[in-house]
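You will see two complexes here that share chain A, one where it goes with chain B and one where it goes with chain C.
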Partner chain A sequence: MTRTMSVGLGAAIVGAILMLVGVILEPRQALTSYLFAYATVLTIVLGALILVMLSYVSGAAWFTAFSDLALAIVGALPALAVLALPILIGVKKIYPWATIATLPVETRGVVERKEAWLNVPFFVVRALIYLAVWTIVGELVRRRWFDMERARAAESSDLRPRASGLSAGGLIVVGLALTFASFDWLMSLDPAWYSTVYGVYVFAGGFLAMLALVAVMAPRSIGPEQTSAIGKLLLTFSIFWAYIAFSQYLIIWIADVPSEVTWYLSRARGSWGVIAIVVAIGRFVIPFVLLLSRARKRNARALAAIGALLLAMHVLDVYWLVMPALHPAGVQPSWLDAAALLAVTGGAVAGAAWRQGRRPLAHVSTRSGEVAS
Partner chain B sequence: MRRESHGPELLAEFGTVDAMLHAIDALGDSYGEIETYTPYDVPDVDGRLGLRPSRIGWIAAFGGLCGMVTAYGIQWWADVHAYPLNVGGRPLHAAPAFLLVTFEGTVLGAALATFIGLLLLLGFPKLWAPVDEVEGFDRAAIDRFWIAIPALANENDRERADALLHEAGALRTVVVGGA
Partner chain C sequence: MTALAPDPVEEGRRPNIPSADVQLPAVANYTQVTDEILNTLKLTKAWFAGLAFSVFCLAIGGTAWMYQIYMGLGVAGYHPPVMWGVYIITFVFWVGIGHAGTLISAILYLFRAGFRTTIYRCAEAMTVFAVMTAGLFPILHLGRPWKFFWLIPYPNWRLIWPQFKSPLVWDVFAILTYLTVSATFLFIGLIPDLAVLRDRETNPVRKRIYGVLSFGWRNSDREWRHFARAYLFLAAFSTPLVLSVHSVVSFDFAMADVPGWHTTIFPPYFVAGAIFSGIGMVFTIIIPIRRWFKLKHYVTLNHLDAAAKLCLFTSLVVGCAYLTEFFIAWYSGSEVEQSYFMNRVFGQWWWAAWIMLTCNMILPMLLFSQKLRRNTTFLFTLSIFINLGMWYERFVIIVPSLSHEYEPWQWAPYAPSFVDWAILVGSFGWFSMWFLLFVKQLPVLAIAEIKEIVPPKFAHRVSRRSLDGHGETPGSVEPAEAH
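Entry: the complex of A and B
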């Protein structure tokens, strides 16, 4: 057992015990906190899977330096599939649409019309499909990668075309499953509200956070050209996230329809409004200005610091997406938020570290400095 | 970036990038400001010549800022002061709606500043330089690599530079410009 794995497992066990206590004391708070933590980690891991497949489809050579790291993150998917259990068991506690009678009268009619989609058995079946799609594609991509590594070591023919076919198909199903899961698991927290761009928003945030995680964890042996590739992607996806977030806000703000603005009413006022501004500044304004500099994009330590900021902002953003459903009046931090993060992150890290074993996170050819930009 | 040419220059033609880089190293920094002419961007040259990063980034940023302020300002002036219209009770100063045009204005300003700034930095409207008179210099845009150093007044120094260039693998050397 590696050290990373024992640390992750320890955190998961401590978190799980705290969560058990929490479920008994405040079940709704505990399960909603768990959903927040789960969505935070899951979107990062799915971002890594999408990055791996994107690089296979586009034949990106720069990515070789980060492929081991990204595939190690993808290795957390089976563990995350198991960690989804509390959400599936707690559907009735987490989601207002599961108990329509508790909804305010104005929205009850709208939600009743959505019952064909939003009902507990169908929700659970769909969730199992999403989890199966991600886990199977993730495992196939990982296996293909190890085959390619072996072929490369034996200097046999290039296997990239096979990986690109698998990745092209995988991108479509993983993307669809991610979009539908974000509608099901996060958007339906406010069952009367909808936004068609919501799935892209969740993807953009997760992908940016994953790039930030790669920037933080990138081995020190990586050269400035590869570092700069991550820097450029961080800048790109910081802008992309801001673009998607602003599109959604502008369309809802300018239409000003009562059924649509409700979601922003709780999220843009009072202490939730402060969080929204902090996220907008920390996830777009600051990284945008810092990442304009070419020298900074090539500096691994500077990128790691920006990555740490972006990771913190990702946690805060998912918190802002999930928690106003439970505490619409204002931010109400709970010790269970931290416990849930500890449990899910620990479980995912332990799962990924177990799959990784003792393999290094830096690609062999990078260590010998063969790979150019 | 083209420097102002004041006197005669010593030109050397090379068949490969490596030979040219080798020559730059061989010359060191005792021969003034060295200029290179290559068919494509050679990143290694910047460091060896001690070039500072181009100023074009700052010019683009300044242009973008001007475009941003102008675009926002026009909308603010038109919607709040000149032609105030009540659109479904929305505020006259509708910042989210203004941001779209502000973004486009920023891009336009940055693009124009980059285009004009680059032309000016490159020496426009100067359409001719002495090097253009050298037979075969046009191959600097195809497959040859050229170095230009300010030709030295001292006969001995010039000969030594000439010898260094040939030693480094120059196909030929030419003196151009000046009196």
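Entry: the complex of A and C
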């Protein structure tokens, strides 16, 4: 058992105990906090899976230095599949549509019309499908990578074509599952509200946070050329996230349709509004300005600092997506938010570390000479 | 590994590194590149015939326009509530096509995708001409086209300003910016090739013109350094434009509270569709060019294969966007949305929706087959379907929405008239006229960059970087390691 794994396992156990206490004391808060923590971690891990597949499809050479790291993150998927259980069990506590009678009269009619999609058994079946898709594709991609490693060690033929075929197909199903899961798990927290770009927003945020995590964890042996590749991607996806977030806001704001604008009303006023501004600045303005500098993009330490900021902003952003459903009036931090983060992050880290075993995270970087730098 | 770190200044002007699958095995040396590409500039009878046909098409469109100005916009089939029809459809269609040029020349440059080298000049020229074509349509759509300048905000005696909250005004800015930047980008990339033209030219007047246009390019270290800097800068500068321009075009629709228009996915969905249609048009153009101009050994199957993968990818994105739209319309629980989408697929224009779905989502899936990706006849045929499908996509977005708004009394039919079709034909004539003029005046393949993907074992071991005095051949990383 590696040290990372024991730390993760310890955190998971402490978090789980706290969560158990929380579920007894304030079940709705505890489970919603858990959903927030779960969505935060899951979107990062799925971002890593999408990055791996994208790089297989595009044959991106710069990625080689980070592939072990990204695949190690993907290794958390089976653990995350198990960690989804509390959400599936707590559906009725978390989602207002599961108990239509408690909804305000204005929205009840609309939500009743959605019952064909928003009902507990179908929700659980869909969730199981999403989890199965991610886990299976993640495992196949990992296995294919290790095969390729072995083939390369034995200097036999390259398996990349097969990897790219798998990845092309994988991207579609993983992307669709991510889109629908974000509709199901996050968007339906406000059952009357809908936004077609929501899945893209969730993907953009998770992908950016995953890149930030890679920047934080990147082994120091990586040369400035690979570092700057991550820097450029951070800049690109920071802009992409801002673009999606802004256009969704602009379209909803300018049309001012009551059924749509309510979602932003609770999220743009009072203390939630402060969080929204903090996220906009911390996730776009600051990284954008800092990452314009060429020297900074090549400086691993600076990138790690920016990555840490972006990770914090990801947590805050998911918090802002999830929690106003429970506390529309304003931010109400709870100790359970921290406990849930501890439990899910710990569990995911332990799962990934267990899968990783003693394999180093960056042994490929020693070969970075073969990377088209 | 610190030895790997190159000098940061040197790194900044590093060209794309060609990998083996990008290189041109059938090209022996640099002279061959220059000769063969400049050979394409010789005027032929077929070219004159093509130009004459383009001008004829343009004349059809011009005549129709004059007729429309004389008679009024009613002859183009516009009756309330369907006040946007073929003109706006075709406007969005051409703006969309204009996106692939910047994608291929800028974004793929930044991503170091080597296959862009042989197709980017073509794509850039296509972009400029497509945007020039698109820019005509808002003017065509004006009842009094001679007052188009009212759209531009400037202090005037009328004391009237355009409505800045309207996306239509943002469009003016977005399109003009895009035209300016993409034309600059095309021109900057042409400078070394213009110098080649100048050196080969015997006619003193033309030589002089090429000399001025190439800014007296002398192929020196410093010039290449500045050139690469400018190119990189413009690439980075125009990348956000790829997103912004078509997003603003999508705002024309998404800002309006019309079912089927007002949906948040529109900006990325329009951008993906634009890139998809642009790549389709690139195939439509580059495949005949490589055949007729005998450039098959430059635009290799490997390059087309890679571009086809990009096409497939964007098609999948567009397909996912269609499905998301349909799903959310159903999920929304809103009767208006649901009835609108039912109308879209099974209503008066059901065939348009199915053309869209078949051409943009289903047929491109054939590109999963590598065999088909390398079959130019197939690619060309598919690209025609993509062009058709993307035109109908905009038809499906615009017409059924306007003709099927909230209340049944607002519903009304629409039919494009012969004026619309004539102007559509005219727009293709206008576009192809410019493109044909371009291909015989300027090299349609980037001579200087193509020399970088000539396999080094045959070529003189001289490259852009070795001209800078760094003695490295593109693609060789080993010498750097040895330092």
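Keep this in mind: the second predicted complex is superposed on the first by the 365 of 373 C-alpha atoms of A that agree within 3 Å, B and C clash if a C-alpha of one lies under 4 Å from a C-alpha of the other, contacts with A are read in each partner's own complex, and residues count from 1 in each chain.
By our rule, contacts are C-beta pairs under 8 Å (C-beta built on N, C-alpha and C of every residue); 3 or more make two chains touch, one makes a residue touch a chain.
Computed from a predicted structure; not experimentally measured.
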Output check: A:P86 vs chain B and chain C. Expected answer is one of first, second, both, neither. What do you get?
neither
*Between chain B (first) and chain C (second), which, if any, makes contact with A:G231: first, second, both or neither?*
neither
Looking at the overlay, does A:R294 come into contact with chain B only (first), chain C only (second), both, or neither? both
In the overlaid three-chain picture, which partner chain does A:I254 touch, first (chain B) or second (chain C), both, or neither? both
Identify the partner contact of A:G75: answer first if only chain B is touched, second if only chain C is, both if each is, neither if none is.
neither
Query raised in the report: Which holds for A:G351: it touches chain B only (first), chain C only (second), both, or neither?
Result: neither
Per residue count on chain A, the busier partner among chain B and chain C is C
- After superposition on the shared chain, which partner residues are touched by A:A168: those of chain B (first), chain C (second), both, or neither? second
Chain A contact set shared between chain B and chain C covers 250, 254, 294
The chain A residues in contact with chain B across the complex are 246, 249-250, 253-254, 256, 292, 294
Listed in rising order, chain B residues that touch chain A in their complex are 53, 57, 61, 88, 90, 96-97, 99-100
Chain A partner, complex, touching residues on chain C are 1-2, 4-6, 8, 11-12, 17, 19, 110-113, 165, 240, 243, 247, 251, 254-257, 262-268, 309, 312-313, 316, 320, 323-325, 327-328, 330-334, 368, 477-478, 480-481
Residue set of chain A touching chain C in the complex reads 57-58, 60-61, 110-111, 113-114, 117, 168, 171-172, 175-176, 179-180, 183, 192, 194-200, 221-225, 232, 239-240, 243-244, 247-248, 250-252, 254-255, 257, 259, 294-295, 298, 365-366, 368-370, 372-373
